[in-house]
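These are the structures in question, set out in turn.
Shared between the two complexes below is chain A, which pairs with chain B and chain C, respectively.
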Partner chain A sequence: MNRPALPAGSLSASAMMAPALILVGVFILIPAVVAVVGSFFDFSMTSATWTFVGGANYRRAATDPLFWLAISNNIFIVVGSVITQVGGGAILAAILDRGIRRGSVVYRTIIFMPVVISSIAVAFVWMLILDPNVGPLNAVVKALGLSPPRLGWLGDPAISLWMLLLIAAWQNVGFQMMLILAGLQAIPKENYEAASLDGARGLKAFWYITLPGIRNVLVLATLITVIGGFKVFDLVFVTTGGGPANATQVLGTYTYTQAFSFGNMGYANAMAVVLLVTAALLGWLQVRLSRRA
Partner chain B sequence: MTPRSRTVAIGLHAIVSLWTLFVLLPVFVMVISAFKSQAELFTRPLSLPKQFSFAAFERAWGIGISGFLVNSLLVTALSVLIILLASSLAAYVLARSERPVMRWVYVAIVAGFAVPLQSVMVPLYQLVSSAGLLNSRLAIALPYAAYGIPFTTMLFYTFFLEFPRELEEAARLDGCGRIEVFFRIVLPLSGPAIASGAIFQAVFNWNEFILALLMLTRAEVRTLPVGIYGLTGQYSADWPALMAGLAIATVPLIIIFLLAQRHFVRSLAGLGK
Partner chain C sequence: MFHLEVRDVVKRYARFTALSGVSFAAERGEFVVMVGPSGCGKSTLLRSIAGLEQISSGSVSIAGHDITAAEPSDRGVAMVFQNYALYPHMTVAQNMGFALKVARRPKSEINAAVMRAAEILRITDHLAKYPKALSGGQKQRVAIGRAITRAPEVFLFDEPLSNLDAALRSQMRIELSRLHRQLGATMLYVTHDQTEAMTMADRIIVMNGGTIEQIGSPLDLYNKPATRFVAGFIGSPRMNFVAAHVLRLAGRSVGFSLGAGLAPLDLEFAPGETLPFLGDAVVLGIRPEALGDSGEIHLADADVAVVEALGRETLVYSDAHALRTTDSESLDGYFAQLVPSQSDKRPGQRVSLRADRSAFVVFAADGATLHDASPALAHHK
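And then the complex of A and B:
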């Protein structure tokens, strides 16, 4: 087919390209480079002087127990989210695809709805639900004759991270369900009919037809969830601020605290670079996969 | 239907219904709490309000929600407009050009997709503050636009690859320039891509928190999420007003989502939030 090629060095092509390239360059790519460079310097928000410190900020991170605590909390959220969100999303999608006919659109719409609600609204509503004084959850627990955690659901360091996992699942399961459902619906019906003639039904059909058919989508869903788990910020920032006693501190909130509460911009940059490299690697995989999926 | 498959069907319905109920409960709590009085919230946390009162909505509106709403509308509309225009133009050139350099341009734009906002908050804050653009609702639309462009460009790129080139060629034979072809032929026929991109970015920018937290420090210029967050420091005990404010911020999105579900879901596939 004959493609209408642009004349080489065409002025109009460059002009059409410019707005996107300038915005992405100025607000994403250049700041990313500056973050990497800045991670080798020591500077504060107000001072204009940058002092070169070599790898000191990274060495500081390596010996900072709070940095490692934040990383391990991120990993907890990543693993927990993959299990709850991709797992839960896959179960719901499988049921809605082949198990249920009546009402499936209504279910789908409601389960997906939290995805469009701002994480700030989600955070505050759940803070009300879990509130030790006015929260409905405590009222239910007490009505059942049980005693709620004395420090509150979000105030008890032993359970606060689990609560965040629950809230994140509440918001994101619908997204994964939709993604996986789209994958399921792309599997041709004939495959199931042919397998059924060969005696493969139910779980057997699921294992030999459904799973291979959505493998790429499942990997994509997992990647998206893993990236989201490393990037988590709004929910933690609003509900616990990283507390109690850093029990829910994550990379995003700790970086924010170091930068904007303590003014350690260089150190914050070093931790930001750890997040940047992690997210960039996973994001690169995601773009490659989503083109294939 | 055999008895066994009937049991299975009931079990499957039960699983899905339970999760659906779990999803609805917090939304329900938000709405009924907004209609309660503060005293009622304390004394009867589980029940419906005795009488539906709009007092909490009035308080929320009075302490700043009205202004946040206007700011959110302004910032969202402006950023979505810039995103659609910049992304469609760029994607069109990328989809039609055969120059090898364009591959690198595509990679550069898509690379922006992999950079989390949290990892550049320090340089971004310094950039914006040294440019004197803190607390500007117009200026914040620019980084918002930047973060929407990579995904939207990919969306338009895929769409333009399948766009029938015959139409463009005919227009060019009639003497139309490239930009003219784009605005008069291609863009008017790009409805589905525009709808997907617009609704998705509108939801994202309406809800955005981190950039707004960093850049909009004065209450008068704040958007809904960061505005409501700022209010909770001052009015911490007023749960009903807080829930009313959140309902005002949330309900428009839920309505838009219900109306335009199809477009929204279609644009989700390639995204990591």
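And then the complex of A and C:
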């Protein structure tokens, strides 16, 4: 498949890029610029005029305990997700790559299934499972002779964030597994054979051959998870709405609340910009790290 | 004592037997080439010696030690793979020094070993590069260098040149021969390319269907093939085969019928050669270079079908109509003829296929050689 490249700057090259560029422009670039500009103003959905306030929205964020609570909840989800999703995905991938000979396709499909389900549907399914009155989880816990949390799995501020972590892991671990599995299977068998002749087997082969071989994939998987953890919104919004008592408030839901419940569009924009810059930095980091190898 | 000894090695998989009782031995410093078609078991045998395959029964010993159950790294072997199998995240120097690093040898020793190997292979300029920056030929040199740094008892090569283009391949052949002389190491080399086998080997092992057909020096195999398979596999273009049956027997003289309308052919069997029985179906073989315009025997008239002018020599493929070669792999039953010069033969031209009596080889129906041709030099004046 060696097609001649289009001459740089030619009309047809621009024409072919145009649809993608227009979509990116309309749905990403322009809203991002509007958000940055809006973060320096005070306005609501229905304001006729925008009042310039300079960095006041950012100063407000710096002193808003809820903003910091949301950030710390985000970090909790990020760290927890890297462990459960990348770590869990790596373990599942290793098992499917080495441990299981029969039916690995079936397991792969089952584990991957939640990835293709919409987050909203996932949230509703789990709300049913965790429901304190009719949920099967309570039934199972009771059948084991234990007592489920009195306020409900999602209603207890001490455990609701952990539950979100669990749901997110259930939904995403299959994706990370696929990514890492592909990475594992891209390492040629001969490299392990050469290594075994060179004296590297078992743990040494893992350290010298497997780990460097999937390094890029692990970096990618981790950053996808980190960015996803900062951007998390729909799952939290549907299951807990940030509650109980802000126990699961994250940047996404807090921004939404400020914008659409309290009408503080400028403040919401400022928080969205913080999120945007974080995600952009992480994306840049990912490109840099994977180019190094 | 042999340096490498393989005894009755059997390798069975769930559904088929890859090696059914293979035995051979190599002297210290010998360059042994295992050759055969794909699926003949040559790679399985090499991998069994390397310890990458568990053999079902039999034994392997190197330098007097039985290593049948030893780990691959404890066998004193180093292997060069067809696709190089370089570690992509390590530099050339790190690739070459990896085994010593895993063995926790001092840095100075590793560096010295890597440097020595790099000098032998003339890749000192590339030591800091990563494999992806190297050409195919350079990668293969690094893979060989990785083997050299380990200073193994036996070098194993698994079709190391198959991924290279023709020009580079013939250059690397010469280089491997030079390397073998320089290191004086025992080398076991697997290939499906009979040219590689003929040019590099001290001894060739011809394998077919999980067993050894014949072991011998390149010229032994060429001049005195033990079976029809070896005769067909060694030599390019292949030997021409013709079906015949035994028409008459008189003392050691055997008369063969080649078919209706063709003159019978009488051959004299040497003492010690097994005589066929009257009426036996046999196969006669004749090398392309022994077939020409002159010769005692007129085999058949033929029409030239294809002429390949190679400059120094010419390959002529002709259609003898009534007389077809029986080899399914030759072109449409054409006779291959190697003319050791430029030729003015043209497609469509009528020629006479002739050969000396001494050029014919006779194979029994089961493939065993009954009667040898005289060595090539004798009948090619």
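As a convention for this text, the second predicted complex is superposed on the first by the 263 of 293 C-alpha atoms of A that agree within 3 Å, B and C clash if a C-alpha of one lies under 4 Å from a C-alpha of the other, contacts with A are read in each partner's own complex, and residues count from 1 in each chain.
Assume a contact is a pair of C-beta atoms (placed from the backbone, for glycine too) under 8 Å apart; a residue touches a chain by one contact, two chains touch by 3 or more.
In this text the structure is predicted, and so the values were computed from the model without any measurement.
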item: First (chain B), second (chain C), both or neither touched by A:R215; value: second
item: Winner by number of chain A residues touched, once chain B and chain C are compared; value: B
item: First (chain B), second (chain C), both or neither touched by A:G252; value: first
item: Partner chain(s) touched by A:A280 [first = chain B, second = chain C, both, neither]; value: first
item: First (chain B), second (chain C), both or neither touched by A:G199; value: second
item: Contacts of A:I28 with chain B and chain C, given as first, second, both or neither; value: first
item: Shared chain A surface residues [contacts with chain B and with chain C]; value: 293
item: Touching residues (chain side chain B, partner chain A) in the complex; value: 8-9, 12-13, 15-17, 19-20, 22-24, 26-27, 29-30, 33, 41-42, 45-46, 82, 85-87, 89-90, 92-94, 96-99, 105, 108-116, 118-127, 142-143, 145-147, 149-150, 153-154, 165, 168-169, 172, 177-179, 182, 203, 206-207, 209-210, 214, 224-226, 228-229, 232, 239, 242-243, 246, 249-250, 253-254, 256-258, 261, 264-265, 268-273
item: Chain C - residues contacting chain A, complex; value: 50-52, 71-73, 77-79, 81, 83, 85-89, 98-99, 102-103, 146, 150
item: Touching residues on chain A, where the partner in the complex is chain C; value: 188, 190-191, 193-201, 204, 208-209, 212-213, 215, 293
item: Chain B contact footprint on chain A (complex, rising order); value: 1-6, 8, 10, 12-13, 15-17, 19-21, 23-32, 34-35, 38, 45, 88, 91-92, 95-96, 99-100, 107, 109-114, 116-122, 124-126, 128-129, 131, 133-136, 138-140, 143, 170, 172-175, 178-179, 182, 223-224, 227-228, 230-231, 233-234, 237-238, 251-252, 255-256, 259-260, 265, 268-269, 272-273, 275-276, 279-280, 282-284, 286-287, 290, 293
